[in-house]
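For reference, the structure is listed below as structure tokens.
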Amino acid sequence: MLVVIFLALVSVAWRWGGELKAETAQDYHAVGVRQGVWNNGQAALWDLNFLDYFHYFGPPERARGHQPEQPIKFSHVTHVQKNQMDCQFCHWSVDKAAYAAIPEVETCMGCHLQVSGTEQWQKDEINKLKKKNEAGQPIEWTKVHVMPDHVRFNHKRHVKAGVTCQNCHGQIPEMQVVERVSSMKMGWCIDCHRTQGTSIDCYTCHK
Amino acid sequence: MAGDKAVVGVFTYLDDVLKAIAKVKSAQLDFRAYAPFGCPEITEAADEQRSPVRYFNITGALTGLVFGFALAILCSLDYPLRVSAKDVVSIPGFVVIGYECTILFGGLATLLAVLHFCRLPDILRKVGYDPRFTDDKFGIVVSCTGSQSDDVQSTLKSCGADEVQVKDGL
Amino acid sequence: MASTAKEKELTYKEVSDSVLKMLEVPTGGWYVQLLICVSLVLVGASCWTYQILTGMSASGKSHPISWGCYITNFVFWVGIAHSGTLISAVLLLFRARFRMSIYRLAEAMTVFAVMTAGLFPLIHLGRPWFFYWLMPYPNQRTLWPNFRSPLLWDVFAVSTYFTISAVFFFVGLVPDIAAARDRAKTFFRKMLYGITSLGWTGSNSQWKHYMAAYLLFAAFATPLVVSVHSVVSWDFAMSIVPGWHATIFPPYFVAGAIFSGVAMVITLAIPLRKVFKLERIITTEHFDAMSKLIMFTSGIVTYAYITEFYVAWFSNNSFERFQFWFRPFGDFWVAFWGMTFCNCIAPLSLWYKPLRTNIAFLFVLSIIINIGMWLERFNIIFTSLAREYIPSAWGGYNFSWIDVGITIGAFGWFGMWMTLFVKFFPAVAISEIKEILPYPLRDKHALHH
Amino acid sequence: MSNELVKIGSKRELQNGSNGLSRRQFLKIAGAGSTALGVAACTDSPSQKVLPYVKGEDQQIPGVSTWFSSTCMECTAGCGILVRTREGRAVKLEGNPDNPINRGGLCALGQSALQAHYDPDRIREPLARDSAGMLKPISWEDAYAKVAEALKAKGKRAIITGEVSGAEEELIAELGTAMQFEHVVYDVSQPVALAQASEAAYGSYGIPEYRFDRAEVVLNFGADFFETWISPCGYARDWAAMRRSGKVHRVIHVEPRLSLTGANADLWLPSQPGSEIALGLAVMKRLLEKGRGANLSSDVRAKLAELTRSVDLDKVSAECGVSREKILLAVDYLDQAKTSLVIAGGTAASTDNALSLQLVCAFLNMLLENVGESVLLENMRKPRSSLSKVATLIAGMKKGEYGVLFLRGVNPAYALPSSLEYNYARKTVGLTVSFATHLDESAAAADLILPASTSLESWGDARLVPGVYSLIQPAMGTIFNTRTFGDAVIEIARKAEIKNFGGGKKDFAEYLKASWEKLYSNLGLNAAGGFNSFWLRSVERGGYFKEAASGERVKVKVSADAFQIRTEAPAFDHKGTDGNLVTVYPYLSVKSFDGRSANRPWLQELPDPITQVVWDSWAELNSATAKELGVVQGDMLQLRNYYGEVNVPAYVTDYVADGVVAIPIGQGHTAYGRYAKQIAGGNVLELLPPRSSSEIEAVSLLSARAQATRGRGNPKLVNVDGSRTQTGRDLAMYDLVSTSAAAAAASTEHAAEQHGEHGAEHEHKIKQMYEQREHPLYKWGLAVDLATCTGCSACVVACYAENNISVVGKKACYEGREMSWLRIDRYFDGGGEEFHVSFMPMMCQQCGNAPCEPVCPVYATYHNEEGLNAMIYNRCVGTRYCSNNCSYKVRRFNWYEYDIPETLALQLNPDVVRRTGGIMEKCTFCVQRITEGKDRAKDLGRKVQDGDIQPACVQGCPTQALAFGDLNDPNSKVSRLGKDNRAYKVLDHHINTQPSITYLRDFKYRA
């Protein structure tokens, strides 16, 4: 009891100190530093949230650094960085719906009817895509950013409010294989909501 | 304790040991008195000073009071959620927390104090300690130099000690 | 033991001997008792496991009685715990000498009863694996528990109570463990007592601080007696359930707790006294004194029952009135009349002095009172929830085997600790009994009090 | 909708009797969008796959609902529906406000159609009986070939269907012309006697259009028009409109059993079964005596006087069990009303002289000058159900004349009185082909099953009422290997080498369109853009709805037959009985209807509005009768006569006539599915004699007596009400208004005066420790008008559907563990003149000063900025304190980790999380809809406006008794209702909970 209470007080003080800092630093990266301290395991002493994992028995899929292998080695570097494609070209529903759509096979084929890659591995991967298209099967991507089902996250609202993709998803254009760079745990969301002055009412995000 | 000898007196009767304490005390010798139960006569005779444990207790209790209220208030303010028609900081409810923390901290501070002042836990057996002191005998251990030991022995004996031993003191 | 003038006065040696004899090599009977207790614990544990695997449906709870057997047990065991603190702390402050021979037992009972009671909120939780959300521990969510909830008060009250009574218990034990240490023969016992006695010697400075601290503990534990069961009663009184929402609850609960606790002390002391032949230490005078305490608290409890009915009538609140009509005449009438008999009528027999010193009778009566107090909590919880505001949502309860198994398991759990305790630690306070014995004096008039 | 993605079901799975779908396959459907959606909540698996569409659909944005207009095909009312789909799955049905029949509401039966659609026991592929007599999967091609083969053989052909209309009727007619199929229609719920009587009395066959919104007094002989009779949603809505108008409005209900309509009537006159005709004649006599009938020809008047000459009021009163005063009162009301309405229906009007009763009603309507006012003859529904045709067909079958029998949308093995011996007769038929969706009794006995797609997967239309042409469109791809009935028929014709069948159309969708093109030209419509734009517009709106016809009234032509009224009481068949006679009173209920909805867990778990029984059939009997029989509540009651025997748990009540045992139709299935089969209680239709009257084309439900004894076993009848009365607690408040002072319009004011201290006008001056809380942006609130709430329970089912509420089954209900967030509390209060039945929708009151919130130790429930009593499920640890402290007992705890069969799981709303075991849940005012509404408003750059957001219960309410909105907006509907004189808040004046739900007192007009 004593230990718990002590930790509680220290952490409240810690967080309040942190908040002042965040108010003065409006840019996301500064906030991000503190988010890192808070939510990404660098301050495990204060973050006893590992207890939560007793329920899940430790799912790495829900942690920062989750970088699953995908059925097709889709490269954001090639598409976004090299070819300067806009995120919303493929993920077209981010400003229309809660979900950011994974592009239909049809969308991929829109370009890949013509573009068939320069290097051998690219050609192989594009061939996989073409096969799927011919068979009329969807590609079974593995989700990188898995949210628990009780979360109501709305991409549209965030995009319309000016939150950029990178704020949460990190430097996707530089990722050969997409990795989860944010913990996307509740505290992480709350932190941003607090600094941005948006609602921290539970129903905002819980369903 | 000053001195390299320890004279141990084992007593059956309380009045004897009180007499011995008085004498040893007047001789300005360092001593420890043992009793199988908390006997106020012995402790008072040996040492007039009141135990400082109570200051620890009150300090702990006050700290607990402040902690309890601070905890409840700060935690409520940290993520302000309204329940029912109550305020975010609704003191009446927090009184219980403050109260319980007062008792908890006060109690724990007292425990720490008693352990500290009684030098507990203590692994080393004190010189001159006799197992009978927890049973049915009173005891007195007087620290003295080798030259004084004979005097002390005779004093204790004269006071009615069942048994007197001399040990190497520390 | 001034009153036992007829008998030969006890000596310090006799006290040590008779108490420390309890710690000798266990007999077969002790093992049988331990075995029984452990198997009951296993029954309870398997029931709980089953409940966790299938969900709360395993117990008999439903709408609208969504608190049931477990909270009844919780309140019952917290109540049992109370008299321990009362006897050890409050009576110490009041300098009641009859306390000395039974307080250790009562304190042990307190600690183990709180340990038992503390299990029930966990067993009761729909998702017990998230119990730690009730603690104000720092977490990434920056979300804290609700300090306005009586259940959180419970968390604080019960954990404080457990901590303080355990400390009080242990501090009280230290000199006696030292006595046991000094007589220990086997290596195991030497180690056990050597470590747990913390190297206590009983020197004058130790006793000085010790006595000062002990008095402070007692002073701190005394408000706990009042506060803990008050907080537990607020679980009910803070709600708006007809039959629960009553300002009389805290004193009524505290009195009831002491009532049941003293009864439990008697229940435990009688066999202990018999088995370990402690008749000279725990005398009939002690039982007489405890019986008087029972008479007193039974009176308070009876008064509280009557007050509840009176207030329900006087309030002119139809919901309250219906509730208090329902208790004696509704579906749970057996519980109500059982409670009335056990708690109000049966203790009246103690007004007859010979019964107060009749050990066999007291044993039976104490068990009756324990049953009665369990029924009291049953009454409060079940009948109130069964008939709340909305008639269409009235309902009943279906007792399940899991309820029964866990309740029995709790008794096993409590019994297991008690059994182990009496064999390994002095169950009667050696040093404090010595304290109230006449001082051994060469000159009988040397000291003037 | 990518059909490729949603084909499920294989031979192996069906043989194994497993649920079919593996999780993997399921995700293929569910994950058609960009996420596995809410359904995965039950596992909360951290690793998820995401499957994008192969081809994009213009309409579908992942995570955004798509709505399709369609028509409800559950009963023959023809209500319009809107199907909400998410990622290609239909997740919710709602009433279509454009459809003139229901105008937005949708009853419990209609709401539950989704569960028929996703029923795990649906037939998943074509089945044929093999040589061993077992049903084995077969391919569609083989199945068609089999039918074509059978059609080559000699022998007559017949098709039995339920009521059909529109293109499907035309197609079946073509079956007749091209392949000599006799078309026989059977539907036990059809008021055919009424249609027949109309033919005699008014001159044309059919059911007149009843305008309850114009009738000031309704004299009703047993028609349960709030629950099952003809078009309950529409009638209830009209009735509610009349009640809201402020005019004095009375429904006088005459029936031996207190039905839902009886319970809502201003006056319920319990009659002896079969005595209604006498009562009707007595009323007629009195009216004639009062000089009514001046509008009729002297000939008719004379004949009516002749008919009623021998009627003696005292005798009638004794026979009916209705006091003389009451009868006279009813007559006075009718006489004084400007417009009234006399109807007869339901079981009470289903005796062997039902026709006479209907004729009496028709004449009463004429006497009271209601025809053309509240009885409109212009747009008559024309039920085709015909018992004589069925009887003839069965007789022919018994002779072995029939080679091929088609069954479509009908279950004769169950829904026909077993004394008609369909089960025996069908054995002689060469090939019985069933186009069923479920393996019901008839399908299970068929030789070949060509499973039909449900109306959510098919094209179709409904033209049940002239002027209302409703379309059915597929809202999603087929779940199983099923085909639309029309497609199958066209395919069969192709296989049988019938030339130009169906105009040579490729499939039924094209056939339908062609049929509508015909309709378009027949109606002489001339839409801008021609037929195609008319078609698209119709598909969008859910059909074509003609504007109300003006002018021209149909002339009444009374035929001589109309005076062939049998004035004596109807006969009852009591063959094979020996003492302890009771009258069997089978009735249609919204729970099981005619048996078609027995396999829907929502409906089985829905408490019957009157008895509150769930998961059972039951026999209501009078306490006196029960005493005589030595039966107590919950005992098994055995009813036996020559025709059959049923064992049903007894429900002892005071609200049925002496000697009557009322049993709902529709339970006691021997096939049909896992839920239907577990119900205690037999099929009451088995007790009915074959045909008691040769002139009526409907089954006479009230024609049998049976011997009643106490049966064996303890059926554990489950009724979820804690109390039948509210024990004088002012929960459901009502006023019994006396109108003798003609203070009609002021009736509600009067109520407010009387009970003003509880009304909303009364300001709370309660001292509070804390300041009253403000809600800066919105404060959501709900209003419930008890005066227009009929207790039909549509909202309850809507709530189950919207919020993924678990169905717990009989055992858990018995233990008191049902999960309904919204329940309808039913109370019987007062006796005699003071008797009143209250129906009170009870859901979370979203209290401003909620008792549940402060007691939660972990903030799982708290009060949010918008006045909602928020419940965060995944934060809940399950102390259940909130439930104890909830004064309204609306919180539900997950005692189990509830299971849901995988196909039913397809219906789950992805916007609402599935709750796991050990946590509390409750009504949230459909917070997902509030969020969605705010989201939409934000996109439009404005605040939420009144009407933007409708929780599921509000949307589904047929009478619009519920209103939802922002209490901060003084002009919102809910704010205005909150200021009504009748407004009050439940328990608020006792415990200051400050609920966000305002109730409006019920009122009933009494003498």
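Letters A, B, C and D mark the chains in the order given here, with residues in each chain numbered from 1 onward.
Here is the rule we go by: a residue touches a chain if its C-beta (ideal position, glycine included) is under 8 Å from a C-beta of that chain, and two chains touch if they have at least 3 such contacts.
Predicted model only: the values in this text are computed from it and were never measured.
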* Of all the other chains, whose mean CA position lies farthest from subunit A? -> B
* **Chain whose Cα mean lies nearest the overall Cα mean** => D
* Structure fact -> More contacting C-beta pairs: B-D or B-C? The answer is B-C
* Structure fact -> Per the C-alpha centroid definition, the whole-Å distance linking subunit A and subunit B comes out as 60
* To do: Between subunit B and subunit D, tell me the centre distance in angstrom, where each centre is the average of that chain's C-alpha atoms.
  => 82
* Using the average of all C-alpha atoms in each chain as its centre, how far is it in Å between subunit B and subunit C? -> 29
* Asked: Whole-Å distance, subunit A centre to subunit C centre, using C-alpha means?
  -> 53
* Asked: Could you say which residues in subunit A touch two or more other chains, in rising order?
  -> 1, 5, 8, 12, 15, 190, 202
* Structure fact -> So subunit B residues touching two or more other chains come to 71, 75, 78-79, 81, 83, 86, 90, 93, 101, 104, 108
* Structure fact -> subunit D residues touching 2+ other chains are 851, 854, 856, 859, 862, 864, 875
* To do: Would you pull the subunit D residues touching subunit A in the complex into a rising list?
  => 4-5, 28, 33-35, 38, 40-41, 44, 46-56, 61-64, 859, 862, 864-865, 868, 870, 872-875, 911-914, 927-928, 931, 935, 938-939
* **Residue ranges of subunit B in contact with subunit C within the complex** => 12-16, 18, 32-43, 46-47, 50-51, 53-54, 57, 61, 71-72, 75-76, 78-79, 81, 83, 86, 90, 93-94, 96-97, 99-101, 103-104, 106-108, 110-111, 113-115, 117-126, 129, 131-136, 160
* Structure fact -> Contacts from subunit D onto subunit B in the complex sit at residues 768-773, 847-851, 853-854, 856, 859, 861-864, 994
* What residues on subunit B touch subunit D, complex-wise? -> 79, 81-87, 90, 92-93
* subunit A residues touching subunit D - in the complex, by the definition given at the top -> 56, 59, 61-62, 93, 96-107, 132-133, 136-143, 146, 148-150, 152, 154, 156-157, 160, 199, 201-203, 206-207
